[in-house]
Every structure is written in C-alpha cells, then in structure tokens.
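Take a look at these structures.
In the two assemblies presented below, subunit A is common to both, partnered first by subunit B and then by subunit C.
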Partner chain A sequence: MVANNEQKGTLIENIAKFREVGLLGFIIILSVVIQWRNSSFLTLENINDMITNTAILSILAVGMMLVIITRGIDLSIGATLALSGMIAALTVGAFPNLSPILAILLGTLVGLVSGLILGAIISKGGVLPIIATLGMMYIFRGLTFMVSGGQWVSAHQMPESFKGIATGSFLGINNLILIAVLIYVAFYYFINHTRTGRQIYAVGSNPDSAKISGINHDKIIWLVYTIMGGLSGLAGVLWVSKFASAQGDTASGYELTVIAACVLGGVNIAGGSGKISGIILGSVLIGIMNNALPLINVSPFWQTGIQGSIILIAVVLNALVKRGVDMNALMRRRI
Partner chain B sequence: MSEFVLELRGITKTFPGVKALDNVQFQLGPGEIHALMGENGAGKSTFIKVITGVHQPDEGQMFLNGKEVNFKNPTEAQKVGIAAIYQHVTCYPDLSVTENIFMGHEKIQKGTRRIRWKEMHEEANRLLKELGASFDAKTIMGTLSVAQQQMVEIAKALSTNAKIIIMDEPTAALSRNESEDLYRITEKLRDSGTSIIFISHRFEDMYRLASKVTVFRDSKYIGSWGVHDIPNEDLIVAMVGREIKQLFPKVETTIGSEVLRVEGLGKTGFFADVSFSLRKGEILGITGLVGAGRSEVCQAIFGVEPADKGKIFVKGVETTIQTPLQAMNKGIGYLPEDRQQQGLILSWGIDKNITLSSLSLISKKGWMNRKKEDEYANHLSKKVNVKTPNVANLVSSLSGGNQQKVAVAKLLMTGLDIIILDEPTKGVDVGAKSAIYEIISNLAAQGYGVIMVSSEMPEVISMSDRILVMREGRITAEIQAKQATQEAILEAAMASKESTEGQSLEASGL
Partner chain C sequence: MKKLFLGFLSIFLVFSTLAACSQTSSNEGSSDSGSKDGKKRFAIVFKNTGNPYGEKQMDGFKQAIEALGHEAILKAPDQPTAEAQIQMIEELISQKVDSIAIVGNDPDALQPALKKAMDQGIKVLSLDSAVNAQSRMVHVNQADPVAIGRVQIEAISEMIGGKGQIAVLSATSQATNQNAWIEQMKETLKDPKYKDIELVKVAYGDDLRDKSVSETEALLKSYPDLKGIIAPTTVGIAAAGKVLTDKGLKDKVHLTGLGLPSEMAEYIESGVCDWMYLWNPIDVGYLAGYAADALVSETITGKVGDKFTAGDLGEKEVVEDGDGTQIMLGDPFKFDASNIAEWKEVY
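What follows is the complex of A and B.
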C-alpha cells in the first residue's frame, strides 16, 4: 500500500514537474496538424514571422509573471507600451539621427517611470493592484493621445535606423529574438539565483510568513511593478519599430493576451509559482494560435473561441494536477 | 417524560489522532442557565458542535425532552429549536440586521417566491425591542458594535423559536456595561422558559447567571454542581487537577545578564502597561487564557504589530522596533503561533524555508550560493532532528511536530540572543512535544534568552524559570516557577474584574 502510494506520487509529481513537456508536446502536435492542413505553416518565413511576433509577447509575459507571482495583476501594460512607443517614435521623428540604442533606452525609461509610479500607488498607497492598474491604464492611454495630439506617427516619419531595430539581425538572428533571449536568461538568473528573486516567490507564496521572515513586502511589490513598467517600455519601442507605426490605441487590450500567455505557461494566478520556461511555451502557443488558425481557414468568428477553450482546458488540467500533488504530500506525511 | 430538556450520555468523539470527547455526559433542565467550564482544549467547543449537529458523535446518545435524537447536520438541530451564539460573531457585515436575523429562514411569499421585506423588518424590530436594543433593523450589521451584533445573534436565535440557546464565551469581547446588558437579556430569556448553556472563562459570569455548573477537563466529564454548592477553590482544582505526565527535560542553567527589558508597553485595544525583563539563559513563561494579549505582546516586541506606547531595551540599550527585520537585526527571533499561516511556506522545500529569514548569510552581493544553502539546511535540520530523507522535500509532507522543528531550525540560522516562542507545542503530538521541550531547554543552556508563550500549565510550570500571567491585556502576576501552582496561575488568569486593580498595580511596580 505504501509502495503503491509512493509510486502514484512520483507519477503525479512527474506530470507536475514536466508540465512544460506536456505543453511542448501539445505545441508539436498542433504544429504537425496545422502543417498537414497547410504546408506554408512551417516555412522559414512564416516561422520567423511567428517568432518575432511572439518575442514581444514573451518579454511582457516575463514581467507579468513576476507581478502575478506576488499575487498581483497589471492591466496597464498595453497603455504603458503605447505611451513609451509613442514618445520614442515622436523623439526619433524629431531627431532622425538619434541612435536606436538611445531610443530603446528612452522608451524603457518612460516605462520604468510609469511602473515606479504604479508600484508606489500599490505598495505605499495600499490600493488593490487590479484597481490601481485599471486607473493607470486609462491615465497612460490618455497621456499617449495627449503627447501625440491624436496623430499617428507613421513609417515615413521614422528613420531607417529606428525601423532597423526590429528588422535587423545580428549573426543571422533577428534582433527581437536576441533581445527576448537576453531577457529570458537575465530573468532566469534573477528569479532563481538572487536573494531578491527568492523573496519575490516568498511574498507570493505566503505574505504573512514572508513578513515574519523579515522580508520588506512593500519593497518587493514596488520592484515588480517597476520591472513590469520597464519591460513594457522596452516592448513599446520594439512594437513601434516592428509595425513602423505608433498610434494612440497601439496594443489596446494586449494586457489580456499577456495574462493568457502566463496562465497557459503555468503561472498560478493565486501567486507563488511560475517559471520562465513555462511562459516562453505559453507565449509560443498563443503565437501559433494567432498565426496558424487563419492559415488553416478557421473562420475568424471561431478563432477567439478556440483560443479561449484552449486556455480553459490548460487551466483546468493544471488545477487537477495540483490537487493530486497536494493530496500526495498529505498521504506521505508520517503521522 | 424526562425532567431534562436536553440530556447527553456517554458521548465520545475522536478526530484523527485525538480524542476530543471521552464518554462525556451533560444534563440541561428547563429554564436553566447552565455554565460549562474548563481550560482551553478541554473539549467544550467540540461538545457544542455535537449538540448543534456540526459534528456527529462516535458513541453515545442525545435526548431532547426524553426522546432520542441524532442530528446529521446543523439545520436539523436548528429545526428542533437549538441555536448557538459563537464567541466570534458569525455575521454578514455588509447586510442589514433583518437579513442577518432571517438568513436561511426568510419569510417567502407563497407562489411568487418574493421575500416579504415589510413583515421581516417588523418582526426583526419586534425582536430587537424585546431585547432592549436601540437600533433599527435596517441598520447595516458592520456598523454595529460587537455587543450590538451579539444582540442580533440572540434575536436570530429567537426568530427560529429556539428552546435551547448555547452561548460560547459571549462576554469575551464585551465591556463591563455591555456584559451587564447581556446578563439582563439572558435572564429575561431564562424567565421566558428558554434553557441556556453558557460557556465562559469568567467566574463572574458564572456566579452572576448560572444555577448549575459542569466542568470538563482533558476531554472528560469531571462533574456537575449547583453553583453555590461548590467552593471556588474546589472548582479550580476540578478544572486543572491533572497529573503531569509528559517528560520535561529542563536543564539547570546559569542565568546571566539582562538581554531584554520592556517598560510600560502598550497597544490600544490589545494590551497595556506590560513591563518585564528577560535574562540570558532564562526561560520566561507567559501564560493566560486565549485572548489575554500574550501573542500580541510578543508580536509587538518582534515588530509584526508594533506597540504604540512604552520602551524596549535590548541588552540595556533602548531601541525602536517597527518591523520584523529590525527585530532580527537586534537579535530577536519569533516563532509564530500559527506555523502554517505565518511560520512556514508549506509549498516550499525544508531547505528554502530554513534559509528564508537569513538569505544574506548564503548570498554575496545578492547572488545566492545554493551549495551553502544546502549545507546550512542539512546542518540545522539535523540539529533539531527533523525526520526527513531529504531537505529538499516539501514542508507540507511533514507531520505537525516536524514542521514545528523546521520553524525552530529557521530561527537558529540567524544570530539571535532572544527567542520568542508562541505556543511552540500547539497541535503537536506528545512524542514531538518532548523533543521540542528538549530543544527549548538546550537553547536556554546555550545562553539564549527564551520567552515561551503557552496555555498549557504543566508545560509552563515545568519549563519556565519565571512565569508571567496575563489577563485582559495586563500582567496580573509574576511567579517564580518553583513556587508556582496551577491553582495560583489560574486564579491570576481568571480573577474577576474588581480584584484586578490591586494586582495590576503590583504588576506595574515590577
């Protein structure tokens, strides 16, 4: 009986551990099916297109994961992205000789400042994240229209060097992908190998315990929203460069796609857990769905419904597995 | 026909690992106020839950007006007229008084299924008036005081035509005047023929109201007496008079210089005028009834909920402590009472839990050294003897006793002088208890100053060097453990309000 329990335990634990493997398997199966229906899916061009699209999504998902781990949520990132993209686009429009690196830094800085303000409201002001970010979403969106005067910044107003951020490549790899990979690596080390990373997980897993363990709860909360803001700013510049257009309603509603990517990637919306590998796969899956469903002639009316169903199925499966793991820990207790 | 409204015979209730009630009996007469007394954990709450149908007894019979009954759920008990009013009012704060009173048994219009508001409001107001309440039934529950909310609970019980009302420590959160009101209402109910079971830790309540008293101890029935037929001293002995069975491995230590002193510590609404000192190698026991403010004092010293009055001196130097981090930097460690909620992160491994409050020891410039973490975790979990094959195992897979050891190991990682243990053996089986006693004893022998908060008197008397007794937010006695008796402690913990004044003056003159 005991041996039986142990065995069952390892099986369920393995499923939990290799949740990413399951997700990867699902992505592969989905790709094979789509490729079978439309052979233009797995062409180099389409793959490149898909991955560059996913790059921005996954950069945002990294930040969103940190926020969700601390039991928060950030609805303002679409607006932050639009605001920093717009400011960067207007600046390069006015100073065409500005180095693209500086443009990226400028956008990131705008995002950082937005996140800093938002973080202060949440951690020091004690406003619930969903309310604070909802409010800031409207403020940032409004600011975007104000700085642009309601005008678009379109491709011909941007210098080639700026558009080159998204289209250029280094050692044959697209810049967007390089930047995204750099961010994955940096944040992988940040959350797994630094003191602050450990404290972020602690605050999300059990805020009371973290407080008694001498962790500065407010500081951690402030930090994650600032990081989220910075990444949104960076994504804003990349977005505007990629689509060669900055508009007042850029990325409107995109925050929900980012949250969906996190949830698909196994980030627990109740806080405390989430992995970089998971959100990369979650972002890729969303990228594939966005790209492939039109390719296999799924009616646009069905697309969002299918996407929603897949998200729900993933979450329900996740909950079932988690229940199994908890049960198992209790069974193995030596009473 | 039986002479009792409610009679229980040979009730036994076992929870996994604990016998909560052991062959208990109880008899309640018509129009009687019957006090049920006993220490924390004596089994009173479980007993109430058996009567109200929340728990089903494993053995025994229950008779209502001489007829045997078995309640499968609380609704069945409610239907035959049994209602309970709990210590912590269980209301819906955002709903009106009327809605609270009629929750679950609203007056419904037949056919349309519409709620008959007007009738409900009228009925609610009538009940409130009967109880002498001065507020309207349309008031929102959350805006009322605790005493007023309790009135609503009583009105709720009356609205179900309850013949038996159980009150679980109703006066615990009430002021003197509010208690008087409650006495008046309770007497009125009795005169109208309702039988009342009254649970309280205050002798004052018992003498004022009850005609009979039943005492439980360690899940067993000890006896029933007429309130005035038993001297107070005998009643106390009945409540605490158990043998000390466990092994307390107290090591004799040399007590050194003072490490902690608090003067006039106070926090509005929780405790006031708390002054004491703690020395190196000393175990200071703090005891009292639940809600006496013991944990709050400890949390204030540790900076979780900082005090708003008074001074804290660490090794003779006055310090301000506003956050746990400051306390830890001053060498104070705290083991919270609720280890699952506050002490540990259950979904994490043992190793990560042990190192959480001292990450700076295993990291350099913010980067963590996993190897060092592993070494520390292994060393400390061996030191407190956590039973696990691997320190990476989840804390949730450990038993209560072993979880507590992990929480202690976490404390030992930081360089401390003062360790505050809040109910360190709560919810821990006997074997693990003596292991924890041994650890505490060793800590004192190593020169830590230890504060141990505990409700278990044998534990306090056997482990401590000195004992502070708290009651209603104040220290009411300081006793050298060698001279301490359970009776003396209980008296200081429960003495009625009038006699406090003198004692607290003594206490503040420490």
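What follows is the complex of A and C.
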C-alpha cells in the first residue's frame, strides 16, 4: 500500500515536471472528441497520412525554434522553400537521370545560401530580423518567379525517382517521416549536448551576459538563420516532391503556420526557451487540426474560426499549466 | 495656401498642354499610316507577355481577324499591371484603331482609359478577365456557368456508370465562379437520369495544395464508397490527382473537373483522371475577334439579344451579365488522353 502510494507520488511528480503536459492533455482530449465524431480518425491509415502531411511542417519548426530562441523571427522561409523547390524541380526536369539524393542536396544548398545571406544581413548588418526577413521574403519570392520565368513545373516534367522521395518508404515508414525523425534526433543532440547548441539558448536568454562570457553572438545568430535556410531548402524539395508541382506561389504564408506550431509548442516568442518535445506537440496539434477539421464535417465558414480558437485555448491552457508547474518547482526549492 | 493652389494649377496646365500636344501630334502621325491600305485594325491587349495561355488567346484573335480580312494588332505589357495596360490603350487610341479587345488586369482601373477610347468611337470589348460594365460594350466570357456545371456532371456520371456517391472539391467557400458552377451541378443533378448519383459533400481546399490534399484524404475516409470527385479548380484537381495516384485508387475513385493541361497531363496519361475540361484559349480569342468585327460593322451594339455569326463557332447571342452584357463561349474544351500530349506544352 505504502509502496503503491510512493510510486504514484513519483509518477505525478514526473508528470508535473513535464511542462508541456497541458498541451499533451489537450491533444488527447481533442483526439477523443474527434474520434467520437468520426471513427476513421484513429485508424492506421489516417494517422500515417496525418504524420506524413505534418512532416514538412515539423522540419521547419525545428529551425524556427532556434531562430525564435535567439529572439529573432524568420518570415522568409515560405519563399526560401519555394525558391529551392523550384530550382530543384527545374534541375530534375532538365536532367531526369539526376539522383534524388543530389536533388535533395541541391535544394538544401540553395536554402543554405539563402540563409547565409540572410544571417549575414542580420548579424553583420545589424538589421532587425523581422525587417530583414520580410525584405528577403520578397526577394526570394521574386527570384522564384525569375528562375521559373513565371512558369510552373508540373508532375509530368518530374521523373519518377524525384516524386518517389515523398511517396517512397523504408521499412514501411514513409520517407518524409523518416527524414523528419532523423532531423529531430540530430537536433535533439545538437541543442542539448553540444557547446554551440547550449550557446544558442545563452544568446537568447541574455545576450549581454552571453557576450561577456565569451560567446560569439554574431556567429550564433548567423548560424541559426543558416540552419533555418538549410532546413527550408530541404523542406522545399520535399514539398515539391510531395505535391508533384512547383509553382511561384508555393507555400506562400506558410511561415505563419510554422510560427504557430512553435508558439503552440511553448517556444517563448521573447526568446531564451523552447524544447524539441514542445515543438513536436505543437506540430502534431496543427497536423491534427488540418487533418481532422475536414473529417468532422464542420461548415467551411467555421473552420478557420475553430482553428484559431483551438490554438488560443491550447496556448492559454498550456501557459496556465506551465505556470502551475513552475510554481510547484519554486515551492519545492524553498523547502 | 493660395500660392500653393496656383502652383498646382499652373503645373497642371503645363502638363495638360504638353499632353494635348503629344496627343495631337501622334494622332496625325498615325492617321496617315492607318488608312493607307484601307484595312480595319483590331487590337488585343493581353495581361502580360510570356504567358503561353495569352499567346494562344492572341493567336485565336489573330486567326479570326485575318480570316475577316482585317489587320490584327497584338499587344501585351511586360508586367501584369493596370498601369501598363492604360499606357497601351492610350497608344492605341492615338493610333486610331477600330477596336480594342482587352484582357483586364483590373476591373475598374482601366475605366477612364477605355471610356476615352469609346468616346472616340473605338469599339471596346473585354474577354477572359472582364473589366466593369461601364468600360466595355460587351464581354466575351470563356466560362458559361450552365455549361460548365452540366458537362462535369455528365462526365462524372459517365465515368461512374450513373450510380454512386460523388463529392466536389472546390476552391474557397466564397469563390464566386466555383459557387456558381456548383449551383449548376446541383441543378443538373435534379434531372431524373442522375437520380442514382448522390452528392455527399462539397469540400473546400482553398486553392492551397496542402489543404486540398487533406480535404481529399478526408473525403476518401469519410465516404469509403465514394465513386467520383469533381474538382472545378486547377489546384484542387491536381492535388486530388496526386492523392488518388499515391493511394492507388485509380478506377476505384474517378476524377474530373477543371484543370490546367500541363498540371494534369501526368494523371490523364496514367488514367487516374479519365478526362477533364477547361476553356480553349484559342477559341476565346477567336470569338473575341468575331465579336470585335461585329461591333465595328455594327451588326451588334452590345445590347441583350443581339446575334452574330462567329466563324466556326456558329451563331452567338449577347446575354445579360449583372449590369452589363456578355457573349458566352459555350461548352468548355475536353482534354483527354488523345489530345493532352499536345496541350501540356501550351499551358
């Protein structure tokens, strides 16, 4: 009996230490409600579709989290995604025998270069991130139209191998999901267990003391925008491969969805904090909404309203629970 | 204050004299060259250059005008803006062309320029993308909502054998065109010969690729017996084609709608989409050419009920369109495995 109680105590304590518990609870409740309305929600096929559709968003959310942690924001990712996707699509259109791996590398490289330029403008030029990225958003979007000559690349111009990037699977798991998981594992290690990763948090939570303690502030800022660019470039190739279509207006406005996923996942928009587990949950919640709202047959006029309300409720709930958890932690410290 | 006002007034006067000068001079210049060979001159102004869809439209216009023995002037600005088009209209006015056909970049912004043209006796009509009713005599509409609604129901009925559940994947819930077409589809479905077809849902993909994919997936899951999808929007039909391809649902769920040939070539060639529709840009231009000629020869004046013969397209009638009038092209053009290879290069 006593042992049982003790076990319970540690379990609750463990849950209480997990700050995203509010969000997780909300996702579970939401899933139950949706499942009750439409029983095809929690089927293997639907879950697979949902995660596949969310993979690109979650990849971008990693980069955006790093940017937001350093007190920045990146509005140019939708445009970077379109640019690298377009360049990759045009290239595989011209050279159908190109290996899909090379196409992915090419797209990522385009994104990296875009991010490198953007990072230089922000860190060396001292331009505010919101302004620099807004400007680059238009430049990258314009470049997309320029390289494509206002045309689009359609499914029939892309070789099967390229479209196979998004449709293929390894051990029964879709490639997009695999790529997202690999990125999450790599970045979990990077931000939690490497010196540079921890420096990103230091720069975000207190830039002045970070500088004093010898952290190269500019280098870190430059790095996060370059990473963001690289991930957007990768996402661009995956996007174009998934939808088998590269257009000038690909993913326009998508940056806001990515920012929403980060904020939902508890990334502090004022910088300094944010966890991989949080953005996974944030992306999953956005993914559930995109997948489930069409399933539960609500009027399209209500859809966006419902989507907004769910985001607000989730953020408020999460903030309240987080505050409770923090208070608990403080109280424990005093004793 | 008074000084400022006088200042503006004088600047205005200087510019208006300058403008008047330049206008009279170019007027004289072009009237010499214009009626030299006695040919009438018909101009078309497209949205922008380098658009294959526009090239085809201008080709059609040229065909019609040359078949009638007149001279066609094909124009398009570099940028798809109203300002650039206004400049071109001004040039055409000073060249004293007989007619201007415009594919508007803005419904209202062109009004002053087009009104000026009409005041000088130039016949103005719009095609494809309309300008407002005050700035044109008649509009050539590529999309006859009744015909578009009807052919898509006929197509899906033929594909699914006249029996089963169908769904519509549209653009946004407020899209005027799509809503008009869906209304017509519902009207057509009331016909007793379609009594076994059930329209289970109208889904809205907002013309976003990711959302259209999610909506298509949701349709397939919510209605496991779904036999057909009609997507009267180019983004929607391509997204649905991709989902059906990836899920291997060819021949189980049929797809038709309105799509761009280049985007749909893949799915039409593979048989995921048996056939689909869109208007033929050549025909739109061709009809506009004949309509322009009818206006210039005063066979029609742009009033409801006017009739004229449009070459190979047969007799056309001017019908009402809000507070203006329009000429309908008729049934949309069918793209299937036999002609898609040729059209996928066009647009």
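Descriptive notes on the structure:
Just so it is clear, the second predicted complex is superposed on the first by the 296 of 335 C-alpha atoms of A that agree within 3 Å, B and C clash if a C-alpha of one lies under 4 Å from a C-alpha of the other, contacts with A are read in each partner's own complex, and residues count from 1 in each chain.
Just so we're on the same page, a residue touches a chain if its C-beta (ideal position, glycine included) is under 8 Å from a C-beta of that chain, and two chains touch if they have at least 3 such contacts.
Just so we're clear, the structure is a prediction, and the values are computed from it rather than from any experiment.
In the superposition on chain A, no contact is made by A:123 with either subunit B or subunit C. Once the two complexes are laid over each other on the shared chain, residue contacts for A:195 go to subunit B alone; subunit C is not touched.
When the two complexes are overlaid on their common chain A, residue A:272 makes contact with subunit B while staying clear of subunit C. Contact with subunit B, but none with subunit C, is seen for A:209 once the two complexes are overlaid on the shared chain.
In the superposition on chain A, contact of A:53 is made with subunit C only, not with subunit B. Using the contact criterion defined above for the overlaid structures, shared-chain residue A:38 touches subunit C, although it does not reach subunit B. Once the two complexes are overlaid on the shared chain, A:175 sits clear of subunit B and of subunit C alike. Once the two complexes are overlaid on the shared chain, A:154 sits against subunit C while remaining clear of subunit B. If you check the complex, the residues on subunit B that touch subunit A are 16-17, 302, 304, 323-325, 327-328, 334, 336, 341-348, 352, 356-357, 359-360, 363, 366-368, 370, 387, 394, 396-399, 402, 410.
Residues of subunit A touching subunit B in their complex: 193-196, 198-199, 202, 205-206, 208-216, 272-273, 326, 329-330, 332-335.
Residues 38, 40, 43, 45-46, 49, 53, 149-152, 154-157, 167, 243-245, 250, 290-291, 294-295, 297, 300-301 of subunit A are the ones that touch subunit C when the two sit in their complex.
Within the complex, the subunit C residues that touch subunit A are 48, 50-52, 172-173, 201, 203-204, 209-211, 213-215, 217-219, 221-222, 238-239, 241-242, 246, 260, 262-267, 269, 344.
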